[in-house]
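Can you keep this structure in mind? I'll have questions shortly.
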Amino acid sequence: MPDLSVNIAGLHFKNPVTTASGTFGYGDEFLEFIDLGRLGGIFVKAVTGKNRDGNAYPRMAETPAGMLNSVGLQNKGVDHFCREIYPRIQDFKTNIIVNVSGSTVEEYVEVAERINELEKVPGIELNISCPNVKLGGMAFGTVPAMATEVTAEVRKVYKKVLMVKLSPNVTSITDLAKAVVDGGADAVTLINTLLGMAIDAERRRPVLSTITGGLSGPAIKPVALRMVWQVHKAVNVPIVGLGGIMNATDAIEFILAGATAIQVGTANFIDPEVSVKIADDIEAYLVRHRIGAVSELIGALRTE
Amino acid sequence: MPDLSVNIAGLHFKNPVTTASGTFGYGDEFLEFIDLGRLGGIFVKAVTGKNRDGNAYPRMAETPAGMLNSVGLQNKGVDHFCREIYPRIQDFKTNIIVNVSGSTVEEYVEVAERINELEKVPGIELNISCPNVKLGGMAFGTVPAMATEVTAEVRKVYKKVLMVKLSPNVTSITDLAKAVVDGGADAVTLINTLLGMAIDAERRRPVLSTITGGLSGPAIKPVALRMVWQVHKAVNVPIVGLGGIMNATDAIEFILAGATAIQVGTANFIDPEVSVKIADDIEAYLVRHRIGAVSELIGALRTE
Amino acid sequence: MELKKVVRDLKVVQTIHLNRRHFILELLAPDKLPLILPGQFSQALVTGSPSTFLRRPFSIHSVDYGRNTLRLLVQIKGEGTRHLSLLKAGDTLNLIYPLGNSFSLPATKDVLLVGGGCGVAPLLFLAQFLNQNNIHPTILLGFRTSEEVSEIEEYSKYGKVLVTTDDGTAGEKGLVVDHPVLQRESIPFKKIFCCGPDAMMKAIARMAWMHKTDCEVSLENTMACGFGVCLCCVTPTDKGNERVCMEGPVFNINRLKWR
Amino acid sequence: MELKKVVRDLKVVQTIHLNRRHFILELLAPDKLPLILPGQFSQALVTGSPSTFLRRPFSIHSVDYGRNTLRLLVQIKGEGTRHLSLLKAGDTLNLIYPLGNSFSLPATKDVLLVGGGCGVAPLLFLAQFLNQNNIHPTILLGFRTSEEVSEIEEYSKYGKVLVTTDDGTAGEKGLVVDHPVLQRESIPFKKIFCCGPDAMMKAIARMAWMHKTDCEVSLENTMACGFGVCLCCVTPTDKGNERVCMEGPVFNINRLKWR
């Protein structure tokens, strides 16, 4: 049996398959479908300082091999998370990572500080990349100096594994990756959604209430793979890779490009059981290729 | 019969449907399939100062709802173009626009100067966005100051319609659009390909000889539409919109977002007759919606 | 029986083409059907349609626990539903079901069901369920034209059926809300269940408020997941933005921000 | 007859499943077939396969101008070819054809055709064409295993057929290049036409050079368009990077950079 485990800044993952924030709720909606204990980890929906209603509907548009969303960080705030959600999910037999969002450095710090107290949350993922909130993520995620600042401020209060999730809507993803590593990030997650738009030609209107939204799904996989590869060559921290992963082959492509772990996002909507299948099929790939440990594949793309 | 004509900096297009550079050869390969006189214009393959062999093969990878290419500006140089190609295509009954590329400002200027002499070429499209040539396009297309410079230098020698084609691989497409308008561009074309990558998981190798390549096709349409919309609100010159247009509905979406004309790219590979069909179907749309002229649709997205 | 969501390959027993735009898929479950409540829906995976990436939501039209089958009533709208219309006996359709909440069991016997377009789909199952609880509702169905009027005998098993068509080629001419049964000073219903296009549901809601009649509607929305995790399908309610696929699709009109 | 590229919907006359991995599509053209030369290929539009975006290239396996039909011989590789294998009589397949150059008419009668895998596809048409020009080639075909050996009677109409299989279950065991007919001091052929996997063609090319025998190969490559406009399919030749879909797929080995 090949060894599927991977390690991110000392945090053990039983396998490299985790689920992407915003596509997996708080995990409990999936209890009817899968055994969460079979996953390396779950990244729960973004948590902000206060309650947010998110954007008006329609919030979704289907696109070729993908979808746009403009959910906009709807959540009930960090208090509610700690009081109502955490007790409900703390005993899942997998790593629970909280996706931390905000509109100001103070808000990020506040949320991170609160999550730091939760014993059974071994890490957070700073979402400096959500393109949907006007007073929010976009700026942090696209200006290296701001990315360094918010990461460094959170680093001061957050003592466990700190991952930072990057926006792909930038000229140089490596500059951003370096910026957050400078700020003290233990790992980087990439990619968040590409900023896109859909139009209903018959009604001559935008499909989304917010006009633009975040593109996810297989359509963005080539861009995501490229960014993982670029960042893998540029920085020395582990990468959590995602963007359009639908099956184990996709997952292995990300690992070969340099990802230590991967996240399954939009694919969960199409098959809520897919994450566990991906873990199984990665194992089958390793057996078929006689590879002893998945960690041997990380960044192992042959380019000579 | 609705009026399909549009106008870009004084240049008349009988309809808004043109074809994208690099996907339509020099037009003559399509003579067996369509009547070029039914198109608003054709944008021919990139022309550089000297002969270029392009990249090694494999140069192509299929991706979800799209493809990657790493052709890399293969062409026989501007001399050959003027001597061999131009005489062959000059009498096509459509606007022939030449896509001008280079690795240095001098090369762009040299090619533009030569093309300026060709009586039956009413315009050029400066390709400052090709992501495939190491010493090339990328830098010009991603740094506003360089984009302004190359546009301004070409503007000095080029007397007809000057369009500049932008790269989508930037943090702010509006900054780039403003930069080339400052440099004297009459119009902007967007978008070129997104930088992406494909991996063969079985062989653990990149699919393309160049590892990364340019992503085109329906997958990128949401990103392209968003950029056309953003630029339409930011600058005051006409926009030529493209990225994943497969049919008239897609084309109308781009026009509603702000494009004066559109280009059909990758779709030509799947159906070499599609560009003419799109022109016909745009007309049918106008008739069905009782719209007298396609120009009424430009930027006419209802967002109130 | 457990109320548990499952992902299953169902076998197409038959495809009944009602008219050019509507068809019924009768589907056989591979294992014992879970408990399904009226108003619940399923998410169908469309294969072979390159432009259909996400699943498509369809209400449960009827359930036969004995034969372990359920039916979907589908209106052809775009590529996804067109591909579903090509399914034949023996083909497979992957469903996630049952999803969402359900219509509530009313405390009165004076019940009206109102449906229009593909919104009639959940009403057959609801009528059946009401019958099992000794309620014989009036069932008011709106169609475009006589050609699309269908399954009247089915509905008639469970209550009195009234019909409107847009063009008057069958039943009363006009919209469901214009039907004479609703044009009285006081309408003879204490509870209305409604499903159909937004405009229709809003018109019925206005009428219900006017007559102080209790009313539940089954909302549509754009859905990515269907089981509560994407937050794409929200509707504003008295509790903020709620998920149509989880807290809905059925809402009491008093909880919606429609006034 | 004009040598003109066309885009056409062809009707599937029959699908002949040769073995688990190979099948033949016989296709009826809607109008008079254009002139097609041996070695030319077509670009097939696969519908109903969400993961297949671009067309797929297939050689013309045979042509019947009388019945206005042509055949493709297809090996199932991935989703595109799997979907094509599901086509049935009466279905439609959209093709762009005929594409590319062709094998040349040799000035000798001592001709060997060598094919392996799906590379055998263009050789039947070529053999037919050679016969029409009074050449009866030797035809050496390589297969994986006896189960995949097929259409031998067809080829036998046009010349002497030799077979190798990887596992020796039919004909000679080994690779085509190891066949005894090629293991002599001087081989009895003045012209070789070869189509198959790259490694096979290169081995044959080495052998041809050794024996100073003229040799043409039909190359594969990754194609986006198939008609010369995308420049995705180039191969290095004595004239620089040439397009396999236009200047090829057939090249004389002396023009390639294989030495």
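Should a chain be cited, it is by its letter among A, B, C and D, assigned in written order, with residues numbered from 1 in that chain.
Note that in this section a contact is a pair of C-beta atoms (placed from the backbone, for glycine too) under 8 Å apart; a residue touches a chain by one contact, two chains touch by 3 or more.
As the structure is a prediction and not an experimental result, all values here were calculated from the model.
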item	value
Smallest number of contact steps required from chain A to reach chain B	1
Approximate Å spacing (C-alpha centroids) for the pair chain A, chain D	47
Inter-chain centre distance, chain C versus chain D - centres from mean C-alpha coordinates, in Å	55
Chain centre separation (chain B, chain D; CA means) in Å	36
Multi-chain contact residues (two or more partners), chain A	61, 63-66, 217-218
Overlap residues in chain D, where contacts from two or more other chains coincide	50, 52-53
Chain contact graph, described as a line, ring, star, complete graph or other shape	ring
All chain pairs that touch each other	A-B, A-C, B-D, C-D
Residues of chain D that touch chain C when the two form their complex	47-50, 52-53
Chain B - residues contacting chain D, complex	22-25, 29-30, 32-33, 45, 51, 53-54, 57-67, 69, 71, 74, 217-218, 266, 268-273
Chain C residues touching chain A - in the complex, by the definition given at the top	4-7, 45, 51-55, 96, 221-235, 240-241
Residue ranges of chain A in contact with chain B within the complex	61, 63-66, 68, 142, 169-171, 194-199, 201, 203-206, 211-212, 215, 217-223, 225-226, 229, 244, 249, 252-253, 256-257, 285, 297, 300-303
